[in-house]
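Just below is one structure, and these are the notes that go with it.
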Amino acid sequence: MSNTFGYTFAVSTFGESHGPVVGCVVDGCPPGLRMVDAGIQAELDRRRPGSSQYVTQRAEADRAVIMSGVFRGATTGAPIALVIRSTDQRSSDYRGIRHAFRPGHADYPYHAKYNHRDYRGGGRASARLTAPVVAAGAIAKAYLTWAHGARIRGCMMRVGTRRARYAHWCYVRSNPFSSCDARASGTAAQCMLRALLHGSSVGATVVVWAEGLPAGLGDPLYAKLSSSLAHGIMSVNAVKAVRIGLTGMEACGYRGDMLTQHGFLSNRLGGIAGGLSTGQDIVAAIALKPTPSSCNYRRSTSRAGLSVFMRTRGRHDPCVGMRAPPVLEAIAALCAADASLKYRASISGHRIPSQHPASYLY
Amino acid sequence: MSNTFGYTFAVSTFGESHGPVVGCVVDGCPPGLRMVDAGIQAELDRRRPGSSQYVTQRAEADRAVIMSGVFRGATTGAPIALVIRSTDQRSSDYRGIRHAFRPGHADYPYHAKYNHRDYRGGGRASARLTAPVVAAGAIAKAYLTWAHGARIRGCMMRVGTRRARYAHWCYVRSNPFSSCDARASGTAAQCMLRALLHGSSVGATVVVWAEGLPAGLGDPLYAKLSSSLAHGIMSVNAVKAVRIGLTGMEACGYRGDMLTQHGFLSNRLGGIAGGLSTGQDIVAAIALKPTPSSCNYRRSTSRAGLSVFMRTRGRHDPCVGMRAPPVLEAIAALCAADASLKYRASISGHRIPSQHPASYLY
Amino acid sequence: MSNTFGYTFAVSTFGESHGPVVGCVVDGCPPGLRMVDAGIQAELDRRRPGSSQYVTQRAEADRAVIMSGVFRGATTGAPIALVIRSTDQRSSDYRGIRHAFRPGHADYPYHAKYNHRDYRGGGRASARLTAPVVAAGAIAKAYLTWAHGARIRGCMMRVGTRRARYAHWCYVRSNPFSSCDARASGTAAQCMLRALLHGSSVGATVVVWAEGLPAGLGDPLYAKLSSSLAHGIMSVNAVKAVRIGLTGMEACGYRGDMLTQHGFLSNRLGGIAGGLSTGQDIVAAIALKPTPSSCNYRRSTSRAGLSVFMRTRGRHDPCVGMRAPPVLEAIAALCAADASLKYRASISGHRIPSQHPASYLY
Amino acid sequence: MSNTFGYTFAVSTFGESHGPVVGCVVDGCPPGLRMVDAGIQAELDRRRPGSSQYVTQRAEADRAVIMSGVFRGATTGAPIALVIRSTDQRSSDYRGIRHAFRPGHADYPYHAKYNHRDYRGGGRASARLTAPVVAAGAIAKAYLTWAHGARIRGCMMRVGTRRARYAHWCYVRSNPFSSCDARASGTAAQCMLRALLHGSSVGATVVVWAEGLPAGLGDPLYAKLSSSLAHGIMSVNAVKAVRIGLTGMEACGYRGDMLTQHGFLSNRLGGIAGGLSTGQDIVAAIALKPTPSSCNYRRSTSRAGLSVFMRTRGRHDPCVGMRAPPVLEAIAALCAADASLKYRASISGHRIPSQHPASYLY
């Protein structure tokens, strides 16, 4: 069950980059949730390739078709299966790499493990598999809104080495980079165009932010909310680091947020203490490495073990960070939905804790 | 089963800071593994409190007693239960915090979740629960040595804001800080003594390093080796960030390690590509926040919601990083052992892949 | 994950009786297994409705379409998703029961649980959901043949109260009832025609038989092969009892099969001792209750709690036992495949046990 | 995790017949449950060996010691670990069987699987491992009483071939056989004394009965209440068959219990429809084979594969059925507690279904 994420609210994905479909099965969604197909589609559209010059030109409509679990517009409690048809595969791009391992990609370890590899576009390791995650995340978001009034948002904080300043959510949807800094979008565009020009790519840092979740989500010790967030986030393509809270690896000199009668005085530890949510906003920062595909020749080996020089032909993003926010939001929503359903099972039951026990300031 | 980590090689811990014992059950260890009790004890001694002036003065012998699963010195395939008796509890230290939440600790969310809290020393959220993890990790290490000849080591890279330079493994055991820099130990000592003097504490960065694991460990997409590593590491007390590879969140501008006939030319992505091990060394960096316990008064609230000023009395470490390396090594060993057993199940079976398919340079 | 069966070789089903598709995702199938689509189809055809006058007249082509996990005719190790399109739904048959609970069906407890019910043909509780199980079982059978040369067969031992005599496998496929007794098929036909005439139905007993599995499958104590077999079999519609071995509930006075140099002297305990396979044939007997749908009026209540008299209109089998053997074989194959993959992970590894350590006599 | 049963309310057992302790860890018990140690002990005493002339003369005090998860007399939500010390081992009895497989026991498949066997008293396969299950079941029963007012009872219906008549619960505790028939106890005693005299043993049928559980427990399709019951029950030593409802394998000609305004008119299907509880009593019948240990010489082979004649020396029960009721009740309680906690998570939440929606008659 290595293709399943979560337990109580679980999503299993299937499909390959160049197969006929990618899709998922969402198991555990409570009955009676009104599903607006438009909601799923809106999320998918945010992740969709081909939407601007800065992203891969693979043109997919990315229409999610729900095949089960919904009856008369509402979930029934049965598993929700949905598929997204793939139409614009150009497998011929990948013929050249059939006998060699692209450097930085998962080709080599997949071959070592399975001795059998779907070389077209990375097969199962392709970022195309994040599409069903986004669709599943849209269902989880709908659940969280219904159950807690919670909201999950993400934005790009940094493109390459350029850090966002004067960040505000209001800027995020107004630029093609999901950047939270109005002024950064110019430099981000420059940075990406340069990468495109050089056939190169840049890394990014993305922030995901969840508001409105109650205190007490997560289960000690090995189903902590932070653990499952880190688990899910590390499963996303290109992610190399995850951090809870904004204080960072360098400035981790912070002993905890003080609590007063009126709420917490700060939220530097990211809304999670001892692995459980505190009722504050949950904040995670995620670092993504640059897409390893490159139009420049790089060294690698063939399957026979001979050294080769190769470059990748397929269509790719100059910066995965651009399309990452909806994916990482979806992962966070799936974690929170799973924890929320477990929470209902584990609490004393007769007592419903107040949803937002503490207000908060930043 | 939120107290269980891993599936095929699984460890379940039990116990509380001030209960009579802490312990664990290790399920899935293959039969016929020669267990040297001394190996478990040696690991526990590295984590043991009271061993120098820089760590908590709680004096525990930390003797692990194996209660099942071992017959005539070898594992039988049955679950291995072991307990560690607690002797030096001073619960009276905690009487004062019975009705208030210590800031930065898990007291508040535990109370919100369970409405019932073992206030003595943090109860289940205490770092004392890392002792059985270390013991279980020693078993996992023995398995990895036997199955792959693998070796897992950890060291402290940074105390507070002081970064290690001239790092080498040979220094790690020669200083009480597990620091990999011979010259840093002086400044680390200063830093900690200052923290002790002020009743304060400092953060740390720890590096864990696994050599000798084969290519192909980890299962795409949601049981990636990186995912389960991040999961386990985030479950450890005080961890706020985890990073695979050494390039970091800031410098994540690296497109992947080039592969040649003679092996990889670098290992900046930390030995994991597409979530699977590549046969290179696996490297993870972990950031720990300072111990939230503090002898200075800080703001918090009582259970009744009133603002209070409080300080913590219990005995604590000025820097959790000092005792973290054996714990984080244990987590990495448990992840690798779990992945190794799954790997055996999933490979084609008749073909045993060569263990170290690629040599590597740094 | 209540819609997933198995862990290492896991199948998740989705779909409803009157939804557009039913399907499944098979996760954990090893790479490199040559999948012959014809094999899956042949199994589905054995279960297919509309094939004789004795089964439901719902006419479904039951074509399985593989959507992922297979590349160039072989499995890749990625999850295998397949769907079976439903074409001959007559939901209008079920309009009458929208506000009432059919007696003996799952209508009442589903309503009590979910407060939301897909009343068309039983929704998720329909026996139509056994179609994807049969398809998944065909993949498991292919794996078992490849890995162990094992073979799994089933037959109907008893229709209503008529027990098979002079049983032999050679008769099973020559009659429409999958009966193992050549002479019984006449009385079985009579029995069913009588049931059809009266708008009634009869129960059945089915036997499933697995040859060629090695000794040592199953994991003590709660993943015993007998436990997971019982688990899976009880998940099949209409099953009310399961028995390992042929000695039965009445004659369970048998102390175990004696072992000699030349193999076991009998196989009355069904090839499982202490929950592990012994290398003998594994034999299970399963009792199915009659289809609860009935053309006669029976008492029930409406959703509002009022007493009503109702009869069921939909198209149903007079005896579910007729189509049960392929389903129960599939379940047994899935259990054995799961245990076989776990077995590979748990054995000492360097030693491959001989496949059939003991010959056997009956 | 093959030594863990359940997921939301999970029990993991450890220990061997002749190890220093047997024990378990119960994970998922909600916080705030008042645990009366006496309740656990009372259940253990019902299963305790050495209590009459009809059971094994191994004299164990069977005192359960709780090591974690309970604070000030109430559960905290942390895992509850408990151990039962073994004192009266006579391993010398087993020296003779060190190199041979006892017929009917799990010796042969354990050896085939692990190539390493704890030959003393069956090791992990011993019925002694049911003691921690009984202790865990006592906690589950306490939870069920608190959450639903439910009650679980068991009795012996049949010893050897003697079926109980005039059954009533009032007789169960008044005879040493847990038989529900006052008059049967005489014949049962005869039957067992004859078995003891001949160094033989007899089989039994046990009935387990759960009252007061709400409708809707269990999760379709593969976590049905019937599935997990069958799973758990088949994990118990000596169980070879399980049946839901009282109608049996022979008389499974019953189309379902009719429902009226005033409740169900019968309960022949055992309180489970479509895998979900219906609010009626849940009834399961379980067949146990005779203890395979025998004082008569029987054929077997040595580890080297040579034929031997052997008899078993250890102390055993003439009929396992006598001590089985508390064990099977415990398994049923664990299943119901797990389903009850999952049920809380999956229901719409804002609506609490009425506990006993239908009264019932027999």
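Order of writing sets the chain letters: A, B, C and D. Residues in each chain are counted from 1.
Just so we're on the same page, a residue touches a chain if its C-beta (ideal position, glycine included) is under 8 Å from a C-beta of that chain, and two chains touch if they have at least 3 such contacts.
Here is each chain with its UniProt name: A, B, C, D = Chorismate synthase.
All of these numbers come straight from a predicted model, not from anything done at the bench.
Novice: Name whichever of C-D and A-D has more C-beta pairs touching across its two chains.
Specialist: Ranking A-D and C-D by C-beta contacts puts C-D first.
Novice: Using each chain's Cα centroid, which is most distant from the centroid of subunit A?
Specialist: D
Novice: Quick one: subunit C and subunit D, Cα centre-to-centre, how many Å?
Specialist: About 26 Å separates the centre of subunit C from that of subunit D.
Novice: With centres defined as the mean C-alpha position, give me the subunit A-subunit D separation in Å.
Specialist: Computed from C-alpha means, the inter-chain centre distance equals 45 Å.
Novice: Got the subunit D residues that touch at least 2 other chains?
Specialist: If we look for residues of subunit D contacting two or more partner chains, we find 1-4, 7, 13, 28, 31-32, 77-78, 113-115, 124, 220, 342, 346-348.
Novice: Please output the residues of subunit A touching subunit D within their complex, sorted ascending.
Specialist: Those in contact with subunit D are residues 7-8, 28, 30-32, 77-78, 147, 220, 341-342, 344-349.
Novice: Which residues of subunit C touch subunit A in their complex?
Specialist: Touching subunit A: residues 1-4, 7, 10, 12-16, 19-23, 25, 27-28, 31-32, 67-69, 71, 74-81, 83, 113-118, 123-124 of subunit C.
Novice: Which bits of subunit A are touching subunit B when the two form their complex?
Specialist: 1-5, 13, 101, 103-106, 108-110, 112-115, 122, 124-125, 129, 160-161, 200-203, 205, 214-216, 218-224, 226-235, 237, 239-245, 247-250, 252-261, 265, 269-270, 273-279, 285, 287-292, 294, 298-301, 305-307, 342-343, 346-348, 351, 353, 357
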